[in-house]
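Would you mind keeping the following structure in view while I ask a few things?
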Amino acid sequence: MRLSKFDFHAPKTISEAIELLQSKGPDARLMAGGTDLLMKMKHGAVKPPCLISLKSVPGLNAIRFDESAGLTIGATALLSEVAEHPDILRHYPTVAQAARATANVQVRNMGTVVGNLCNASPAADNPPIHMAMRAVVLIEGPGGKRELPLDEFFRGPGVTALLPAEIVTGLRVPRMPVNAGTAYHSLSARGKLDCNAVGAAVMLTLKGKICEDVRLFISACGPTPLRGRKAEEMVRGKELTEEIAAKAGAEAAEESLPITDLRASADYRTEMVAVLTRRVLKEACQMALTSQPA
Amino acid sequence: MEPRDVFLHVRGEAVFVDDALLPAEHLFAAIRTSHVAHGHVRSLDIAPAMAVPGIYEVFTARDIPGENQVGKTILDEPLLAESEVHFVGQPLAIVVGESAEAARRAARAIQVEIDPLPAIYDVRQAFAEGSLIAPPRTFSSGDVESAWEQCSVVVSGTVESGSQEHVYMETQSAFALPTDRGGVKVVSATQSPSMVQLVVARILGLPMHEVEVEVPRLGGGFGGKEDQATHWAAMAALAAWRLKKPVKLVLTRHEDMTMTGKRHPYLSDYKLGLDAEGHMLAYEVTFYQNGGAVADLSPAILERSLFHATNAYAIPHVKAVGISCRTHLPPNTAFRGFGGPQALFVLECAIFKAAEALGVEPREIQKRNLLQDGDAFPYGARVERCRQRRCWDVAEQKYNLQAGLKEVRQYNGRNAWRKKGLALMPICFGISFTSTFLNQAGAFVNVYVDGSVGISTSAVEMGQGVNAKIQEVAARIFSIRPERIKLETTSTSRIANMPPTAASTGADLNGHATRLACLDIVERLKDAAARCLGKNAPHEIEIRDEAVYASGEATELTWEKLVNLAYFDRVSLCAQAHCATPDIFFDRDTNKGNPFAYYAYGTALVEASLDCLRGTCSIDAVRVVHDFGRSLHPLVDLGQMEGGIVQGVGWMLLEEVMHDADGRLLTDTLATYKIPDIHSIPGEIQVHFLEDAENPPGIFQSKTVGEPPFLYGIGAYFALLQAMKAFRPDAHIPFSSPMTPEKVLLALYPGDRPV
Amino acid sequence: MTQKHEPGECRCSRGLTRRGFLSTVGAGVAVASAAGKLAAQPAASQGADVLPSAEMTPITLNINGRTHRLLVEPRWSLLFVLRERLGLTGTKVGCERGECGACTVLMDDLPRYACMTLAVEAQGSEITTLEGLMRGEELGGVQQAFVEEDAFQCGYCTPGQIMAVEGLLRAHPEPSQEEIQMGLSGNLCRCGAYVHIFKAAGRAAQLKRGQ
C-alpha cells in the first residue's frame, strides 16, 4: 500500500516552515510524528502534494517545566516522552496518563501530543485534560507569535482556529492550583486499544470539602471536546457527594451531543458520559483531598 | 532442527509466500472488484487501466481459457464475474503490472458500470424468497411432536450469532511461475493444495499434472485459507500462464477483509422441552445460515451444525433443520469449528432459558444430561468411550466448583457495581471430515544415506504444530532423534489428491500415513540388519534410541550404519503410504451413519467480571479439563487450547462484523474490527489433560486438538450472562453474539440510567 | 480484448528491486552497487531540505549497524525499503496501517511501526530489525526466550513481537507485569499465543540480566 506522491520538506527553523506553508498553499500539510496524517493518506482521505516535517527543527521536541510558568510541551515532543517525563508524572499526572492512554507503544514513539491536538479529532485522548487544565496553544505564523486558550482552538472535526500558514509550536499548561485534582477516563466499546467511544477529563479545586472551581470536558460526544457547563454548575460550591456526582453525570449526559457510528451508538455514549463524569469527578476530588495539607 | 521452524521464526528467516525471492522480471497482480452487492454488469472498460504506466495486461472472464469456475461441490462461483455481480468485493478483473502499486492504480482506473438489482442480506428474507444455496436438511431422532406433551417446561426463542473475520496475520497470497512445458507452478498460502491444483487446471484447461502447487507454510489459516485461498492462486496462475512471466498476488489487509468471506452468521429458532427434573426430552432447532453469495463450503458447514446440534447432551427427541440461505454478502466460509460453535451456542442459550423457567442453574441441566456410553446421537452414531462426565466431574473437583461459586456469591454480595459470573461449558466435537471421502491422506518418507530423514505429507503447517506431531511419529517409529527428521513443504508433486488440512484431521490422517510409511522402511531395515548380522531373524531385530539390537543384545550397528548398509544392499529407503480412516460412513439420504472416527470431550469453567456501570467484561479465568487422548505433543496441544479459547472468547464478546445497508463492509480495518489483544485475553487459562485417556483411533492413542478449544469460548458468554443476572435478576438479555459492552449496558438498563 | 504490451515497450519506471538484484547478486553486493550508482550524485541528503516527489532521493540508513545508501521516493515507508529494497524480510507486512505490529522495528531503541515511518525520516536513527538481534550465529536474549517459552504458533507476528519486547527491555530492563502488557499492546497475535509471549517477555528480561 503506497502513499500518493508528495514533495518532502524538512525545514530547520519555524520561520522556514512558515515560509514553506505560505509558498506551497493550503494543500501543503505539516507533520510532526505523522501518525494521523500518514494514516489518512493511506486511507486515501487526503493526498497532500507537499509534506513539511517539523522534526528537523532543533529544540522543538523540548519538554520544559518551570515552577512558575508551568509546563511547556514542544510540537515534536513524543507522546511517549510526555507519558514518561518525571516532571509531568509528578506535577501533571493526568497529562501523562492521557498521553499514555493514546494508542500503543509504537504509536506513542512516533506521535506527538501537539499533533494529537492539531489533528482535532473529537475522540482524541489528549485534548480534554489539557482543556480542563487551561492549556494555552503557542502559535507562530506570518503575523508573528500568538497564544490561544486550547478551549478556543477546536472548531470542528479536523478543524482548528489556526490561520493560514500558522504553526503550533507548543503547548503551555499552567501549574495546577493548590488543592486541585485532575482525572481522565476514556472508554472504547470494544477493547482497550480501540478508538475512544467516550472520554471525560476534569480539573477541580477544593476549599475544605467544597468544590470551588471545576472544569469538565467530554470527548467523542460532539464535533469537538465539549465543556460540561451544566454538570460543572451542579458541582460548583458544593461538597462532592455520591448524589451530586451522579447528578452531575446526568447533566453531562444531557449536554453531550453523541452520534451513532462504528465505535458505539449514541445511546451507549450518553450512558457512558454519565458514568465517566461521575468517576472523574470523584477521582479528581480524591486527588485534591489528599493534596491538601492536613 | 525444530520442525515448527522455531529457530527460523525467531531469526526472521522463515519464508512466507510474500517473502520468497522470485526470478527477475516478475510481475504483480491486483484485482478490480464489484462495488455493488447485486447487479448487472453493463460495461467494463479496461482502457483507462491499460493507459496506466507499467501495466502489462488486464484479464477479465473472457480471457479464461478453461472454465471460469472455482466452486467446489456446487459449481456456482466464477473466478471473475461475467454478466452479474453478487457481492461487494466480487472480483471482476485482474490487472498485471510491473509493481503492485501500478497494478492497483490501474485496477481502480477500470470503468465499471453496474445496474443494481435488489439485494438480500437477511436470512429470513432470503428464506421467504426461496433464495437458498441447497435444499434444507433435517436430522431427526425420536418423535419431537409427541414429546412436547411429556415436558413440564418448554422454552423457545431465537438466537443470533455473529460473523467473525479470520485475520490470519499473513494475508491471502500466491505467486505463479510458468513452466517450460506450458504448465504452471503455483506457490500458494492455502490449506488445500490439491484444490488449488484442480481449480487452476480447470481455469487454464490443463491436465492436473501440468499444475504443481507448493505450500511453504501459512501465517495462520483458521479455515479462511481452506476454500478461499484458491481464488488468488488461480488469478496469479492465469496471469503467469498467459503472460509467460512470474506473477505475484498478495492482498492488502483491507482487500483481504473486504473480498473474503467470514464465519457464517446464524439466526436460529429453538424450542426445548424438559421434564420437572431437568432432563432434556425434546429439542427442535432451525438454523438459518447466512451463506453469502455462493455455496463455498456452506452446505458442509451447515451439516456440521446439524451433527453438533445436541453438543454433549443426550436428548431423545430431536429435530434439527438446516437452511443455507443465499444472500448478497461475500461467500462465508470455514472458520475453526466449521458450524459447530454456532450450533452449540443455540443449545446453551436454550438451556439458559430453560434454567430460568425451571428455577435452577444452567449447570444443573447441563450436568443431568451429559452424554455417556450407550447413548446415541440424533444421526444414529453410538456413543462409545465417552469421557464427557469424567471431564465434567474432574473439572468440578479439580477447580473446586463449589468454592468458586461461593466466592462469586460473596463477591457479588460485597460489590454493588461489579459482578462476577461463573459458567460451565461442556463440549463434544466429532473428529473427521463429515464428507467421508476426504478422510484420506498420504505420506512420503525418504531416508538418506547419512541417516537423515525427509518427510512429505498432505498436511500444511499453519501454526497448529502438525509438523511437530508428524516428526514425533517418525521419531518414535524409527526410534531416532527428532533432529534427524525434516518436514518438507507440502507439494502436489510429492503427494497427489490431498485433502485440505482442515477439520482438525491433519495430525491424525498424516500421522497415520507417516507411521505406515516409516513402518515399511523399518521392516526393510530389519531385514537388512538380519542379513548383515547373519544369525537373527528380522523379527528379532530392534532399533532403539539410534542403536540396533538383536534378540535384545546390542550390536555394532547404529541407525546411520544400518541405513548406509541397507543402501549398499540395494534396499529402498523411501516409502509412500496412504491412510484412510476406517469404519466411518454417512448416508446423506437418511442422514444416519457413523461419520466420526472419535469425539473430543471436555469441560471448561469460565469466570467473568462485569463492570456494571460501563458494561465492560473481562474473563478472569478459563479452567479446562480436556480429553487429549494420550497427548502426542503436550506443548503444541497446550498452545492450541489457549489460542482456541482466545479466539472463541473474541467471537462471543468482542469481534463484530458490520455492513452498511448496501452490503459494504464497515469493519474493514483492524482499527474498526477488533480481535483480542494482550489486554483482552483471559486473566488465567488453566488446562488439565484428562488422565488415562487412551484413544485407539488416534495417532499413538492421542486425540487431535485444533478446533474443539474454540468451543470453550462460548462459556464466556454465559459467564457474562450470569454476572449480568447477578446485577439485575430480571434483566431481559437477548441471545445475540457478540455481547459487546454496548449490548450489555442496554440490557442492564432498558430505558433508564445507570446513575 | 486487451492490447498487448511487450515488456520492451512497457513504460517501466522501476529502479532496483529486491528480486531484481537479490536473485542475481545478493544483498551485500547490491548495497555496494547502489552506493556506486550514487557516487555521481550530490553527497548525502541530510543537509537537503527538499526531497521532490518526482525524483528518487539518495538517503543513508543505518540498519543493524551497517550503513546503507540507497535511492528512495519520499513516500516510501521504511517497511517497503527494508523488505523490497534491502531484502530484510524478517520484518513482516500485516496491515500496513499501524494496526497489527508485524512490522515493528526499533529506531534509536524505541519500537515503532515501520509501515507508518517514512524512510526519509528514518535517516539519522539507528534502526534495528529482527535480523539485527542475532549475536553472530547465536540467538539474542529475547529470541532465546521466545524459543524457551514456545511463544508463537504460526510465527508470522513473531518478529514484531520480539522487537516489541526488545524495545520494552531496553527501556525497562525489569518490567512489571503491567509494563509488559503495555509494551505488547501494539502487537496482535491471531493464533492467541499471548500467554506464552507474555512469559517470554519475562524470561527475556532474566536472560538479558544474565540469569
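Residue numbering begins at 1 within each chain, and the chains themselves are lettered A, B and C in the order written.
Basically, a contact is a pair of C-beta atoms (placed from the backbone, for glycine too) under 8 Å apart; a residue touches a chain by one contact, two chains touch by 3 or more.
Since the model is a prediction, treat every value here as computed from it, not as a measurement.
S.K.: Which two chains are joined by the greatest number of C-beta pairs in contact?
M.R.: By contact count, the leading interface is B-C.
S.K.: From chain B, which chain is the farthest off, judged by mean CA positions?
M.R.: A
S.K.: Once you find the CA centre of chain B and the CA centre of chain C, what distance in Å lies between them?
M.R.: Their C-alpha centroids are separated by 31 Å.
S.K.: When the C-alpha atoms of chain A and chain B are each averaged to a single point, how far apart are the two points in Å?
M.R.: 44
S.K.: Give me the residue numbers in chain C that touch at least two other chains, ranges are fine.
M.R.: Each of 96-97, 185 in chain C touches at least two other chains.
S.K.: For chain B, write out the residues touching at least two other chains, lowest number first.
M.R.: 252, 254, 671, 676-677, 679
S.K.: What positions in chain A touch 2 or more of the other chains?
M.R.: Residues 1-2, 192-193 of chain A each touch two or more of the other chains.
S.K.: Using the touch definition from the top, list the residues of chain B that touch chain A in their complex.
M.R.: Checking each residue of chain B against chain A gives 100-101, 252, 254, 613-616, 654, 656, 658, 666-667, 671-672, 674, 676-677, 679-680, 740-742, 745-746, 749, 753-755.
S.K.: Of all residues in chain B, which touch chain C in the complex?
M.R.: Going by the criterion above, the answer is residues 4-16, 18-19, 21-26, 46, 50, 53-60, 62-63, 98-99, 166-171, 217-220, 222, 245, 250, 252-254, 462-465, 635, 639-640, 642-647, 669-671, 675-679, 681, 685.
S.K.: Going by the contact rule at the top, pick out the chain A residues touching chain C in the complex.
M.R.: The touching residues are 1-12, 16, 34-35, 38-39, 42-43, 49, 51, 53, 55-56, 80, 100, 103-107, 109-110, 192-193.
S.K.: Contact residues on chain C for chain B in the complex?
M.R.: 1-5, 7, 10-14, 18-20, 22-24, 83, 87-97, 99-100, 102, 129-131, 134, 139, 143-144, 146-147, 150, 152-159, 162, 181, 184-185, 187-198
S.K.: Quick one: in the complex, what on chain A touches chain B?
M.R.: Residues 1-2, 187, 189-195, 246, 249-250, 253, 262-265, 267-268, 271-272, 274-275, 278-279.
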